[in-house]
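Both complexes below contain chain A, partnered by chain B and then by chain C.
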Partner chain A sequence: MIFRALVIAAYGFLLAPAIFVVAIAFSSDRFLTFPPPGLSLRWFATLFEHEQMMAAMQRSAILAAIVTTLSLAIGVPAAYAIARLRFPGRGAIFAALTAPLLLPTLVVGLGILLVFFPYGLAGTWPGLALAHLAVTLPLVVRIMTTAFATLPPDLEDAAATLGATPLKVAFRITLPLALPGLIAAAALSFLISFDEVVISLFIVGPRLSTLPVEMYRYVEGHTDPMVAALAVVLILLSISVVLLVERLVGFTRTVSK
Partner chain B sequence: MARLALEGLTKAYGTAPPAVDGLTLEAEEGEFLALLGPSGCGKTTTLRMVAGLVPADRGRIRLGEEDITAAPVHTRGIGLVFQSYALFPHMDAVGNIGFGLEMQGVPKAERQARVAEALRLTRLEGLGHRRPRELSGGQQQRVALARAIAIRPRLLLLDECLSNLDAKLREEMRGEIRDIQRASATTALFVTHDQTEALSICDTVAVMHRGRIEQRGTPEEIYERPATRFVASFIGRMNAIDGPAPVMTREGPLGAGETAMVRPHRVRLLREGAAAEGDNAASGTVRRITYIGDIVQVQAATPLGPLAAEVSGASPLWRGLDVGAPVGLAWSSSDTLRFPA
Partner chain C sequence: MKGALPFLLLAPALLALVAVFVVPIATIGRIALYVSEGSGAMREAVALDTFRTLFADSFTWELTRNSAHLALLCASLATLIAYPIALFLFRTESRFRPLLAILAVAPLLVSSVVRVVGWLVVLGDQGLINAALLSLGLVDRAVPLINNWTGVVIGLTESVMPYVILSLLAGFGRLDRTVEEAAATLGAPPWRVFLRVTLPLSLPAIALGWLIGFVLSFSAFVSPKLLGGGRVFVLATEIYDLAMQAVDWPAAAAMALYALSLTLLVLAAYTVLTRRVAA
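Take a look at the complex of A and B:
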């Protein structure tokens, strides 16, 4: 009972800010007052007419899609090699690929800025994509290494004895069975890139900026509830991605067991 | 459908003593050869080398006229039935069985016909659209077998594929595997640690110990004329008497540093006072009486060490015999083998 009460209290503490934000997003007031004096959708309307914010949202979505594609394209084969092949330096490569997970993002961001600036990468698409990859790639490698390592190795061997070339084994056996991990890795990459603010702050330029950075800048200069409305949109987006993944992963689980 | 020859096959994992150590073995075309040995003696490693899943450190593998030692797995055309079955969980039985044919590029119509044929042979008709998790252990085993034979392999390898089944099903499957193998005349290597299984279904048995073949022969040869002490004690039950001792063997009297061996069912049980027959005898006291199926084993403590005799359960000889009772044991020198200890 006490444990239960504690859990409820912990959730309450974690969710309280979200509840405030949602309430304020529907406020009819011009300021961030709580409780809101009246309810309205006016701040959503303001948001969708705010060209700069909408453009940033589109940029962030494109960036997240590129980052996700790249991290899967690099991370999945790397994870497969680490999980399945025996080669010298395997442990070192795994450590190097996943180490950024352990560093504070501030340190990663500063490091990236120091390296990128001389090459003129700061404030460019490739620069932003590479910076986000520093966060998403380690995650994809970590998730997919586990996904591959937990597949029964006999299945791939069986396919090979039946005449499947290594490429056929990968596409007909390994990847379909690792699909739940693949979906989870893709969704996480997308959400992280879309939400990433700390590293992006170091890299964005005056002409190229992402949605979270725009939000951050907006709050510095304005005190109206439009950012709260934007926060609600982002929360809905995250929830729908998570639900979609849940559906897909739950689905593939039942298909492949 | 080809002759298999393994020559000096060797594989060591890391620094441990080699799992397979200079193994030489041949299976004739169409032969059903059992590879029999205790767990850990290197049977699976041998099969995996033949299939191409583990590279050999040394030695050659020949299949038919071809040297396949370095051939990639997917080009070998060898069917392997895994101990774990290794069925693809995301495909139904038809998908599993047809996978190899699809990889070989067999056209769809022919593929369907051959899958249906494999389903029929393994008595899986009507279960083709079930996924592995919807099948019982015995049915999964059949799918694994059907999948391996559907590709019409040049060689069929079976790795302890019956050991996860219950006793009755296991016996049934033995016969079916034998029939399927005979009908297709496929050379087959059947790996098992179960001597009854090996002796009952195979043409030839190769007994493996510590990565090598100790003896290769028909079940009768292996049982009646074991070539080494290991084969003698691994196959069937055996009494062992360490020399020197007053025991005559086939090869002469038992000396120091030698061991005499005689099967319990060759040892006669004598009631007290009966005259000893045969050229070896010992007297002792009963230690234990055990039923083994329809025979009864009487273990006795004798000056030569513990000795066991087996008699039919119907025999009057053991009736009324109690632990602690005095008994005589007698056996012939022609049934007594001698090995260096």
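Take a look at the complex of A and C:
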């Protein structure tokens, strides 16, 4: 009985920010006042008319799409090699490719600034896309290595025996079989890039800023229900990705450190 | 040709790793040895001047204490609050278990800035808690719960909780239901079963969860910065300010190395301790 109450209280604490930010996003008031004096959609309207935020949202979506494409193009072949081919140093290479997940993103971000700035990459599209790879690539490699490793090798062997070239086996058998993992990896890497703030803070420029950075700066200056409405939009995006990943490969298994 | 295939498949990933991870970390190490000449300028050198200045400054020690204090507090609180959730998820046979597990871990995928906004709504001067306190007549004026340490501790505790829950779940492997049942059958009341069986058996999991919480809180940046409202100073916020506001890269790099080595020290101490306990 006491245990149940503790569990509910703990869940309450963990989910409080997400729950109440939704409540306040529909407020008709000008401040983050509780309880909201009335309900309205005006802050969503304000958000969708906020040019700076909407432009940043569009940029972040484009950036996340680029980053996802790059991460998959680079990460999937690497994961395939690690999971399927025999060569010396496999374990070490896997550890190295997933190592960036272990270091604080603040340190990674600082390092990227120090390297990118002298080359004029700070505040540019290529710079931002490369920088985001530091967090998305390790994730793609991890998810896809597991995805490839758990595929039964029989079908690939059969296809090879029947005369398919290795390239054909990869594209006709292996990749379609690993499709759930691929979609999960793509969804997660899109979301992580779309939400990335710490590394971005170091290398965004005055003319090229991302949505999380714009939101960070907005929150530093003022708090009104518009930013709560934006939070709700982002929470909805997170929930969709979480549900998708759960369906495809199991969510808790994928995100553990 | 066959021997070259793994290399061809791995080469792009390894190149990217070098470009966005290996070289940046090495560059931090290199620039920490440069000499800062003020107002953004620095001189290429192999000197320990920056470290000397860093360690001679009493502010560095204050930041270290603040970071350690914050990480200690948040890791402990997060473990304490996460424990019931993890234990519940570990044991429940409810058909809602998958959903409840997702709810416990999903905050991980909600941007840290979004979560800060959530806490502003709950903890702000006109937020949920102050509104409740005021309407109940418990206080005359809003209690400041943000732009100070209180807000940072609350927000950071919540933001590391999902990781702690995952580590606890991973570590609960040794927790055997039958041992608890045996204790109960032999007449131990529930609290006693918990204190004498469940808790001792889950100590390794608790240690692991706490450590993850500590390491993550120690390097956290967004919560201290935004919920602290510029009044909370820790190593992470200072590294950022040195790099971006003061534009003193050698100092930022030196402090990042210093903070990183403190983290590694904690991790090493943990490994040694667990080996000793296991032996």
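Quick notes on this structure:
Criterion: the second predicted complex is superposed on the first by the 231 of 257 C-alpha atoms of A that agree within 3 Å, B and C clash if a C-alpha of one lies under 4 Å from a C-alpha of the other, contacts with A are read in each partner's own complex, and residues count from 1 in each chain.
Heads up, the rule we're going with is that a contact is a pair of C-beta atoms (placed from the backbone, for glycine too) under 8 Å apart; a residue touches a chain by one contact, two chains touch by 3 or more.
As the structure is a prediction and not an experimental result, all values here were calculated from the model.
Upon superposition of the two complexes on chain A, no clash is found between chain B and chain C, which fit side by side. In the overlay built on the shared chain, the residue A:64 is in contact with neither chain B nor chain C.
In the superposed three-chain arrangement, the CA centre of chain A forms the vertex of an angle with the CA centres of chain B and chain C, and that angle is 100 degrees when rounded to a multiple of 10.
In the superposition on chain A, A:185 makes contact with neither chain B nor chain C.
In the superposed pair of complexes, A:165 makes contact with chain B only, with no contact to chain C. Of the two partner chains placed by the overlay, only chain C lies in contact with A:141; chain B stays clear of it. Contacts of A:87 after superposition on the shared chain: chain C is touched, whereas chain B is not. By the touch criterion stated above, A:15 is placed in contact with chain C alone, chain B being left untouched.
Legend: residue contacts after superposition of the two complexes on their common chain; A:106 is shown touching chain C, with no touch to chain B. When the two complexes are superposed, the chain touching more residues of chain A, out of chain B and chain C, is C.
With chain A fitted onto itself, chain B and chain C come no nearer than 11 Å, counting C-alpha atoms only. Shared contact residues of chain A with chain B and chain C: 166, 255-257.
Of all residues in chain B, only 48, 51-53, 73-80, 82, 84, 86-90, 99-100, 103-104, 133, 147-148, 151 touch chain A in the complex they form. Those residues of chain C lying in contact with chain A across their complex are 3, 5-10, 12-14, 16-17, 19-21, 23-25, 27-28, 31, 81-82, 84-85, 87-88, 98, 100-122, 124, 126-128, 130-132, 155, 158, 161-163, 166-167, 169-170, 212, 219, 221-222, 226, 236, 239-240, 243-244, 249, 252-253, 256, 259-260, 263. Across the interface of their complex, chain C is touched by residues 3, 6-7, 10-11, 13-18, 20-21, 23-24, 31-35, 73-75, 77-78, 80-82, 85, 87, 93, 96-97, 99-100, 103-108, 110-115, 130-131, 133-134, 137, 141, 166, 188, 191, 195, 197-198, 201-202, 212, 215-216, 219-220, 223, 227-228, 230-231, 234-235, 238-239, 241-243, 246, 251-252, 255-257 of chain A.
Interface residues of chain A, counted against chain B in their complex, comprise 152, 154-155, 157-166, 168, 172-173, 176-177, 255-257.
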